[in-house]
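Got some structures for you, see below.
What follows is subunit A paired twice: with subunit B in the first complex and subunit C in the second.
Take a look at the complex of A and B:
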């Protein structure tokens, strides 16, 4: 190296340093870059804060709005009617059990006749379907004005006959019919024509047979049948009275709402008039606003009319309870089949509680006060512990989010339950056992799952997974699984499976990272002690990475609970708390979710209504849950970090 | 200079064609918007040309929110406008104009192999309100009933409540589906399913119509059927221009034929 080059170096450095010292608008460029990067990072934080503010701003008014609604619900006397109406609904459940009990008791006697009749009807429909084209042609010709020539009709009749004969041959006749019956019925089906108004004689005979059997069965269980009918009719008078009162209360509520709506209307029209530029439009808007004045509604007088009938209601309740108990007492003990006996027991067991509820309702009527204010605590309770989500109702909207929460939680648990073992085991394999080529294949493939749009998965759920699960559940040797055979294609299990699929990439990648982060020294130490590969994996690596894996599972849960499209399409949208008495089979029931309800209902509600605000409240809860889950994941991961250090 | 003039003419010409090619945005009822209105729009386009349609059907309520927001020229609704919706539009300086377009019959459907083919009006109410829970209670093969209803934004949801259920609530066992197609899909795959659809869907595969008190929906005797109802188009103000042409077309004999083909009953058929 030439020594004469040396003095040049400081020159170059000076040049660089001088350049860096240039300022832009009085700021040091390095500072500007720093701020630019900082601003990008803080955007995320600011947006998050803005989202929170927006959610809270729209949602928080829910409590006062709903309080006002519940106040009206009370003042108009709807609550008064519900005091009786709600316990009275239990009657329908009991009555339903009894009706099922009756048909279960009759079942062994009428079953054959009914199945034969139904099978015959089904065959007739199928035969008609198969010859539908020819049938329709003849029907149209017969209806035409003026009627077509006789030879044309004859040709059409002949076509139909051939088609019907072919159809009747092609049908599969069940073994319910003897060979002779099949032959007879086949001939009658072949003769089906729109010109015959009577049913085929064979079906008529089967129907008559069924009627006879049914009558005989009903005679045999006459006690049960009459007791059931008596029980069914027991609340008729009470119903009539309650319906009358309900109508009155609803009328009161509607007039309050109308007067409120007119006031709001006036306000809106006036506001619109302020902003409009066109003087004609302005004048017409103001005129309309002035016309929009409601009458003051005197609720106290209206509700007084209701409460004046408390005595009448109590007498009716007592009469109902008496006749229901009498009907129940006359129920026989012997109802034949075990199914019927079980249903009878169910009804009998449910009755005392129902009677108790009715009696309580009768006393509650007296202590009900129209002017009792609705406390804020009750409004909060009605939202967070309410078991009914009823919207767009003609009686009263209720926003209780427990059914939605249970749906979301159960689906998320199913998804995590399925996804955790798959992704953790896959992560262990990829991290510890896989060759480099396998790694190159497995990692991108699993990560690619994340790129599948959730609406596509939803369609797969509707068109493929649902049918698969349903068919699978009908396989005879799998009937020991609780909940099988399933009835609904769209259910929580279906949604859970698809969500598990969506959660796998998150859980897999993060678990794999966690395993990767296990210090090399642990593994070397284990190897040095002579442990086998498997021992190292399960006794050293997995325990060392467990908090990382846990945090991966939690983040997967966060992903699952916020997912919308799949649950909206696949979960079955039934707004009710799943029936947990079904045991593990509960997973095959449909449900609705927090995310699904927002997606389904937000588009239709008018801005600022209580329904709109309730949906934002759901949004707030959902947001809080996601934050909590993520926070937990971070807390767990932090523990893992400190352990490592 | 020559080039400038040429360019200017081109620009003007293209704006002119863009103006002539008007778009009608139609929003609202799924019952109308899934089959009938697209069919009418298609036929109208063939006849009148130079018009394009943008149709989205997510329930009757969305007709009015879109009209009020000015994001639709025509709203489709399977029920009459509610007072508060009229006010909402009015406060945005929009006067809605109602045009009856066709009648629909809400049809109760069950799985095609279900032996039950007739129900009384009371039984229909009890089934959808959740009082009757098992098919064996009404003479069917034993099995829990799966009830499929439309979702709450649907005009049919509310209409059915009023016409068939005396205003009672749907039972908590009911499942809320996004549209008629979904109800057909679920009922046809579930032997214990029951649901309701617009008459246009009554002939779908795998389902059968359940008559009510012995009367099945029949275009020839609409008013005798308990669940018949008119359907409407709504415009903001008196329709003019292409909108008027389209609505006139819907009410013309050519429109009537399409209405009948789509499974609705045209107004001329009602007389």
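Take a look at the complex of A and C:
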């Protein structure tokens, strides 16, 4: 080809020098595009930082606010009252187990008589119901003014008699009664009429029989019964005194709060006055501020009134302790049934500790100082280690988040415990054993679970899972499972099951990815060395994918901890630390969670109150936990990855 | 390489007999009417352009292709020591224990050197520590790796050099004392020195094991193989004494391939 035929090409020199014309507002378009993409990528980071700042800004004031509250709690003397009141609450628990113990002890003796009496009462009601129409007719006639003619009444009476006789025949008499008793009772039921005010004599006799039995039983366990009654009444005087002091303290607290509110109001008005330009308005604001002054509350005087009664309190405590100890000493050893014995043991074990607590309370009263300042450390401790979350209380709010944390953690652990084997095994099956058609079925189905709105799962938890667990817990051959039969349908186990279900897609997909990423070469090598399929799976594939599986589990945990709707609906929402002394059966107790409490309470509290701030603190903790869990997941993945390389 | 191939004894019975073998992945047939005998005393090299089915044939011999869902025998058979490999009575696991395989990309497990060496024994159910240690030493010595790793047996195998890793894979395969060793381009990922060591190893071990080696390296085939088979598009073109195949092949196709003129 002739080179002169070629079209003339521009000089290379000109080509490689940058064409300066192509700029947008003086910027290189390449740069602009780069910034645009960069900005989009950093949005996520910026939003995350903003969220953190927002949470912290709302929550951080909690500590000073709560400190102020706790200060008032102390200065107004509420703390002083609580020194006695708190340990005294244990009395109720002990007393109730003693009461249960008494009824359990009496039960075998009075059971027959009571059942006979109750059965008779039931039969009477049934008989009356069957003849209700005739009965009402007669009743109405009797009440009428003027009274109807005697023959009319006689007819009604006759109707009723026939109906009552028929009813008494139609009833089914239980085998609790002998044949003679049945005949006798039948006749009495047939004679029932509104004109008779007394109970049928048979029922009267049965009631009397029951009373005799009950009296006999109480006599037999006289020791127990008197001890119980004495213990029950023992703190009455002390209670009265404490209640009086509490009322006084509460009054003091309220006046302090009022004057504080007025002071805050005054401050705000003054600030507003500073900023307004209009002199008239300024003057009126200042006037208003001047008016917003509460009377000075002399707390020291008020609390002195309380502490002045320390001696009185101590005497009462001593009296209570003495009678409690006496009651404890007079408790018998033998109470018949094993149920009763167990309850008695519980009370016997609890009593000395309770007495000790009361004694300590008496000494603590003396060392209590109203003017001791509340340290910040204590406020922080009260939040992070506080075992009580009490809000909207007429006495004192406490924001201790341990019960919420335990609830969240236990539920999350249950969920992970259930979900991990299911999802990992499903992932192994899908990845290694399933045919292509099975894969096409399993994967989308499991991933679809993610699309189920959690509130729908909540329904299922309330209506289906709860009932199922309850029913299972009552099956007789399952009674060896700790915690069975369960009390509450809505409990941590129920919530854990549903959360496990929600965590399965995350765990499954990520584990499956991890298994998929195991190099083909490992699998070939293992097969070529004569390993069976299962050996290859468990000796090569799972160990090689373990980092991915672990991080899948951790990410599942993160998902579960942050889940709100299901726990709110299903966990039972009881704000208390679950009773771990119940062993593994603890999972069947209800609980509240970090997420649940925010969702439930944030809408109802007033903005900026200490309760509001406390909820933000919970939010911060939750956020931190999630960050940590995710970070751990990444760290695990990275750590094992670097080991492999 | 100094040692010249040992002349094959003509009388030896073929250990592996491939008869009218047709093989396919799904509908895509990759081996056509293969007829090939390999004797236990020979080192056999399989050569041919990429995609002609060499790996497929190897993977059919220890039936590791069973794990590929679409792979199937269309017709014909492979006999090993007279037994039809695809007959139902064949125990695939035992077959693989006795027909070892070394892959192109060295693939030790991400575990210790020792665990790699004894993996085959472990999955075969041997638990006795002493037996395992003995087997590990024997196979690592056979693979000429012992001196290099004897002080670091419990370090990760992935910390070894590529050549060492490949020799570890050979050790891992011979720890089971197989009869046949299938090698699919064992030196493709190695430098010339590591390659030379492996070739040396093959020549040392050739009396204990029957080697079948896939290679793209003509020189390598010349150096180590007694017999060489040339494949083209799924068919066997020529199977010959190595010297003859490279110097005076019967088929013009073979000649153009070995001289590098095949287009």
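Note that in this section the second predicted complex is superposed on the first by the 491 of 645 C-alpha atoms of A that agree within 3 Å, B and C clash if a C-alpha of one lies under 4 Å from a C-alpha of the other, contacts with A are read in each partner's own complex, and residues count from 1 in each chain.
Keep in mind that, in the parts below, a residue touches a chain if its C-beta (ideal position, glycine included) is under 8 Å from a C-beta of that chain, and two chains touch if they have at least 3 such contacts.
Note that this is a predicted model, so its numbers are computed, not measured.
Colleague: Thinking of the overlay built on chain A, is A:590 touched by subunit B (first), by subunit C (second), by both, or by neither?
Modeller: A:590: touches subunit B, not subunit C.
Colleague: Which partner does A:574 reach: the first (subunit B), the second (subunit C), both, or neither?
Modeller: First partner only.
Colleague: Taking the superposition on A as described, I'd like to know which of subunit B and subunit C A:601 touches: first, second, both or neither.
Modeller: first
Colleague: Which partner chains sit in contact with A:92 here, subunit B, subunit C, both or neither? Use first/second/both/neither.
Modeller: In the superposition, A:92 contacts subunit B only.
Colleague: Taking the superposition as given, does A:265 touch the first partner, subunit B, the second, subunit C, both, or neither?
Modeller: Only subunit B is touched by A:265; subunit C is not.
Colleague: Regarding the shared-chain residue A:391, is it in contact with subunit B (first), subunit C (second), both, or neither?
Modeller: A:391 contacts subunit B only, not subunit C.
Colleague: Could you look at A:489 and tell me whether it touches subunit B, subunit C, both or neither (first, second, both, neither)?
Modeller: First partner only.
Colleague: Which residues form the common part of the subunit A surface touched by subunit B and by subunit C?
Modeller: Comparing the two interfaces on subunit A, one with subunit B and one with subunit C, no residues are shared.
Colleague: Using the touch definition up top, name the residues of subunit C that touch subunit A in the complex.
Modeller: Of all residues in subunit C, those touching subunit A are 62, 64, 67, 69, 93-94, 96-97, 100-101, 103, 105, 107-111, 119-120, 122-124, 156, 158, 169, 172-173, 176.
Colleague: Taking the touch rule as given, give the residues of subunit A at its contact with subunit B in the complex, in rising order.
Modeller: 92-93, 95-96, 99-100, 103-104, 107, 114, 117-118, 121-122, 125, 258, 261, 264-265, 268-269, 271-272, 276, 281, 285, 288, 388, 390-395, 403, 462, 466-467, 470, 487-490, 572-576, 590, 592, 600-601, 603-606
Colleague: Which residues of subunit B touch subunit A once you look at their complex with the stated criterion?
Modeller: The touching residues are 58-59, 61-62, 65, 83-85, 87-88, 90-93, 112-113, 115, 117, 126, 130-134, 136-137, 139, 141-144, 146, 151-153, 157-158, 161-162, 167, 169, 172-178, 185-186, 189-190, 192, 208.
Colleague: Where on subunit A does subunit C make contact in their complex?
Modeller: Residue list for subunit A touching subunit C: 435-436, 519, 521-532, 535, 539-540, 543-544, 643-645.
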